[in-house]
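Here's a structure for you.
Each chain gets a letter, A, B, C and D, in the order it is written, and its residues are counted from 1.
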Amino acid sequence: MKLIKPDILKQVVKVRPANSYKGTFGRIVTIGGNLNYGGAIIMTTSAAVHAGAGLVTCACNSANLTALHTIVPEAMFLDYKNRPSLLNAVQSADVIVIGPGLGNDSLASDLLLQVLSQITGKQQLIIDGSALTILSQQENWPKLLPQQTILTPHQMEWQRLSGIKIADQNDLEQNLHVQQQTGATIVLKKNGTVIYHPDQTTAKLTIGGPYMATGGMGDTLAGIIAAFLGQFKNSPTKLVIEAAVYCHSAVAQQLAENNYVVLPTSIIAALPQFMQKVVNS
Amino acid sequence: MKLIKPDILKQVVKVRPANSYKGTFGRIVTIGGNLNYGGAIIMTTSAAVHAGAGLVTCACNSANLTALHTIVPEAMFLDYKNRPSLLNAVQSADVIVIGPGLGNDSLASDLLLQVLSQITGKQQLIIDGSALTILSQQENWPKLLPQQTILTPHQMEWQRLSGIKIADQNDLEQNLHVQQQTGATIVLKKNGTVIYHPDQTTAKLTIGGPYMATGGMGDTLAGIIAAFLGQFKNSPTKLVIEAAVYCHSAVAQQLAENNYVVLPTSIIAALPQFMQKVVNS
Amino acid sequence: MKLIKPDILKQVVKVRPANSYKGTFGRIVTIGGNLNYGGAIIMTTSAAVHAGAGLVTCACNSANLTALHTIVPEAMFLDYKNRPSLLNAVQSADVIVIGPGLGNDSLASDLLLQVLSQITGKQQLIIDGSALTILSQQENWPKLLPQQTILTPHQMEWQRLSGIKIADQNDLEQNLHVQQQTGATIVLKKNGTVIYHPDQTTAKLTIGGPYMATGGMGDTLAGIIAAFLGQFKNSPTKLVIEAAVYCHSAVAQQLAENNYVVLPTSIIAALPQFMQKVVNS
Amino acid sequence: MKLIKPDILKQVVKVRPANSYKGTFGRIVTIGGNLNYGGAIIMTTSAAVHAGAGLVTCACNSANLTALHTIVPEAMFLDYKNRPSLLNAVQSADVIVIGPGLGNDSLASDLLLQVLSQITGKQQLIIDGSALTILSQQENWPKLLPQQTILTPHQMEWQRLSGIKIADQNDLEQNLHVQQQTGATIVLKKNGTVIYHPDQTTAKLTIGGPYMATGGMGDTLAGIIAAFLGQFKNSPTKLVIEAAVYCHSAVAQQLAENNYVVLPTSIIAALPQFMQKVVNS
């Protein structure tokens, strides 16, 4: 299995073209954040903004409007109960993230199913967090996934989706067998995250550590992946996803030299400087 | 065409007179920020405060009150649906910004038309963001503009206003032809922003870059222009606008040495130090 | 007239007694912050907390609860419309500040008059901002002031209170004539602020500058005075007030070396370090 | 009596095991924060997150949702009036903190009594702030405490609980006599905090100082204790509590070199770096 190496960053994160504008760097819609888990989708959104996405709209419970604007005024807000507005935003998005803090009530299921049914093959969809649990409850879920889907389960979520017990999840063959049915990219998050690409190749992350074992870490990763997909359209999607996953842990690893626990908000704040170091190096 | 040079800053940003008070540095009213785009008007407002405006009032949807006060407690709040209060604030303002995050529903149109009809020749008006789209939909819009108006369209907004296709917007003559009908200053924002002054002279920005291609960048510029107009009343308006536009990109350029994407909130935070460096240099 | 000298800080800001607790450093209640001017009372409150007050409660419009807690979670909240709770808090306070962002509607007047009628001679009362305008409208207002009152008018507010035109406010005699009727301390804020003490002595500030001419500056001063009064009970009140006024401008002056405009929130953030430098020096 | 020494930190705060996940570092539920004292529970929650707790849920008045998410988006929210959700969260928690900003109305009593009746011997419960006052009003309160309870009273709260006057609280025997009836750990907070362990041994803190005499200090300590209990399960509980109490004051002491008053939010922000220095030392 390929190990993701540090040069993945320089392969993907490049000097921006001079003649560009906001749209060049992607329109992202993030969907999640119910009444209890607003922080999750806010971190996803803020990560996307700080990782360089051009325009980011966050669709969430209206209770989260103020925290969203306070933390990241650069992002736009949508009430996710306003279905016409949401579908409109989804239609014009390059990348959609659904799941962080979404919860798993009937509203959440409705939102996921609507998004799944509406996305076109030109758009990229990241399914994360509670949306993965909802997905696992749908009959024959692999058939519901649009063409360019990325699933970012942690081990328990992958167990729910694949039926493979956590203890057996180091078995590449078993994981690939399920992945093959989906056509999707699977980012299986664990100590030593493994990415299963649609072409059945795999790539393993060798950095990161237990300082990342804190709430919100996955939400932040989802936002970074979205921003990278939105910006780096000229690089192969495989590399872009690997670079995003690597970037997330590389920032954390750097912060961990001086921090016992690395908070997601600290990673987010460090993204613009970290990415520029890549370009300058 | 004149290229704006770094010394524009020293020509405009000067040591403050000792015997001065808040009113000396301008009363600004910012109008925008509907239920979805609150962050936009908050960035405009915060930029105005950080760029040295004396007193700033933000008129927006009441949903944005808390994010506004949290980000910039120095600013005052008005519910933009409270028409008497808003008109009162507008009347006593030196500079009015309308548009960032305003949206383009009927409330937005109403607000724009009321402001347009009420401003006196002594006041300065900056029309930005969605207010430009609304303006472009008004019959014979150039005749609606009060004496001292500044329009800050990006290329698509200028296309809507002028009818000139983006591909043709490098043609000075065409742009000047439309501008002549307005009497306004046009700040045409693009890679190499060009300012069209009411006296038909033009000035081109040669700094800035693609690290600025992110949501909220224009909202921030509008706030800086407002603050400069409010403060630097003894300098010719032409120079003040050029200095504001230059300042915005100069701060961004400086931050871009260490940041892959330069967030509007980072520019805002850097304004007081950047401006003092100009004075100290 | 005495000029306030830098050593005023060392005379007042001293190493804290080892055997002390929160109550030792004062219970402060700040009253203000209506629906439009929430930022004002939040800055007063945050200044009091950062300047070392032991326990601070902010009584304001409930719309400001979240911005208050976000900016300064160390402070407690009261809805100023909850009269029994407010009066209860006022009764157990050492220092009360009323006025920042209070507005001047009938609720505001009611609050001021109730507070004036309820304060005891052991408590200290700072009247600032819009409460000064309300006060000036009361018949024979000097007779309404409790024993230990401090008024902090800027020049227009002092004109409203005293009837002395701004142009004549450098005339000590005229100011002292009005002050004599009040028994209060008057902090007349201007370029070269002058403090009129109840014993008819005066003290003049010789630091500060036009970088302080921005919204919220006076609100912040009120909070610093309150914190100093609450903490430094063993120093003569005259010196404590002089030290607070000096501290506010000294922090601003220091920040102004690198900041074109010094924002109130920047002063607030710098207070704990500035005060420790005094003790260490 | 044992004096807590600096090496307590290295005994407890250790390099994290590589093969770990969020659950490894504890599920914490914090309960408090009514309409007036939201900042208190937010500081407890934020302290727990910054001190390394794996997953933290804050149950409080819904008015505090936005301030919570803005200050610490890493935490989850629960409306403490939603009893089924709250009890569900409590059941799956490793450590529960109840009290910071809870108030002492009937809702507060109800919440405390429900939590007391529901906790199992495997869980750890920290009772702080107003919950201690409520507890003291219950008949035969020592019998209500579950097995692994930690009380964190300041001197007045301990007087209410134990009946021992503040002047007599240096008498170890008297304190131990009451403590013996409870089976709980008592962290008696004062200048020279003393910890009374269930095995009747005691430990005294010799660091900290009057720069900590400010609102929110105790709320922050409760969060640190919770995080340490959640993370450091392999160390004896006695040492973990001592380390948490020491950590809180050690961070404050370090900040006090440059800060006249040490704000709780400053301690919280410094935790990740301070803890890493322990590991690196």
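Points to keep in mind about this one:
The working rule: a residue touches a chain if its C-beta (ideal position, glycine included) is under 8 Å from a C-beta of that chain, and two chains touch if they have at least 3 such contacts.
Protein identities per chain, from UniProt: A, B, C, D = ADP-dependent (S)-NAD(P)H-hydrate dehydratase.
Just so it is clear, the structure is predicted and the values come from calculations on it, not from any experiment.
Considering every other chain in turn, none proves to be in contact with both chain C and chain D. One rotation lays the C-alpha atoms of chain A on chain C, and its angle is 180 degrees to the nearest 5. Ranking all chains by how far their C-alpha centres lie from the centre of chain C, first place goes to A.
Because chain B and chain C share one sequence, their contact can be compared position by position; here under half of the interface residue numbers appear on both sides.
One finds 49 Å separating the Cα centroids of chain B and chain D. Centre-to-centre separation between chain A and chain B, using Cα means, comes to 35 Å. Counting partner chains per residue, chain D has residues 66, 70 touching two or more of them. Chain contacts in this assembly form a single closed ring in which each chain touches exactly two others.
Across the interface of their complex, chain D is touched by residues 13, 16-22, 24-25, 49-56, 65-66, 69-70, 72-79, 85, 271-276, 278-279 of chain C. Those residues of chain B that touch chain A in the shared complex are 35-40, 42-43, 63-64, 66-67, 70-71, 154-155, 190-191, 209-211, 213-217, 256-266.
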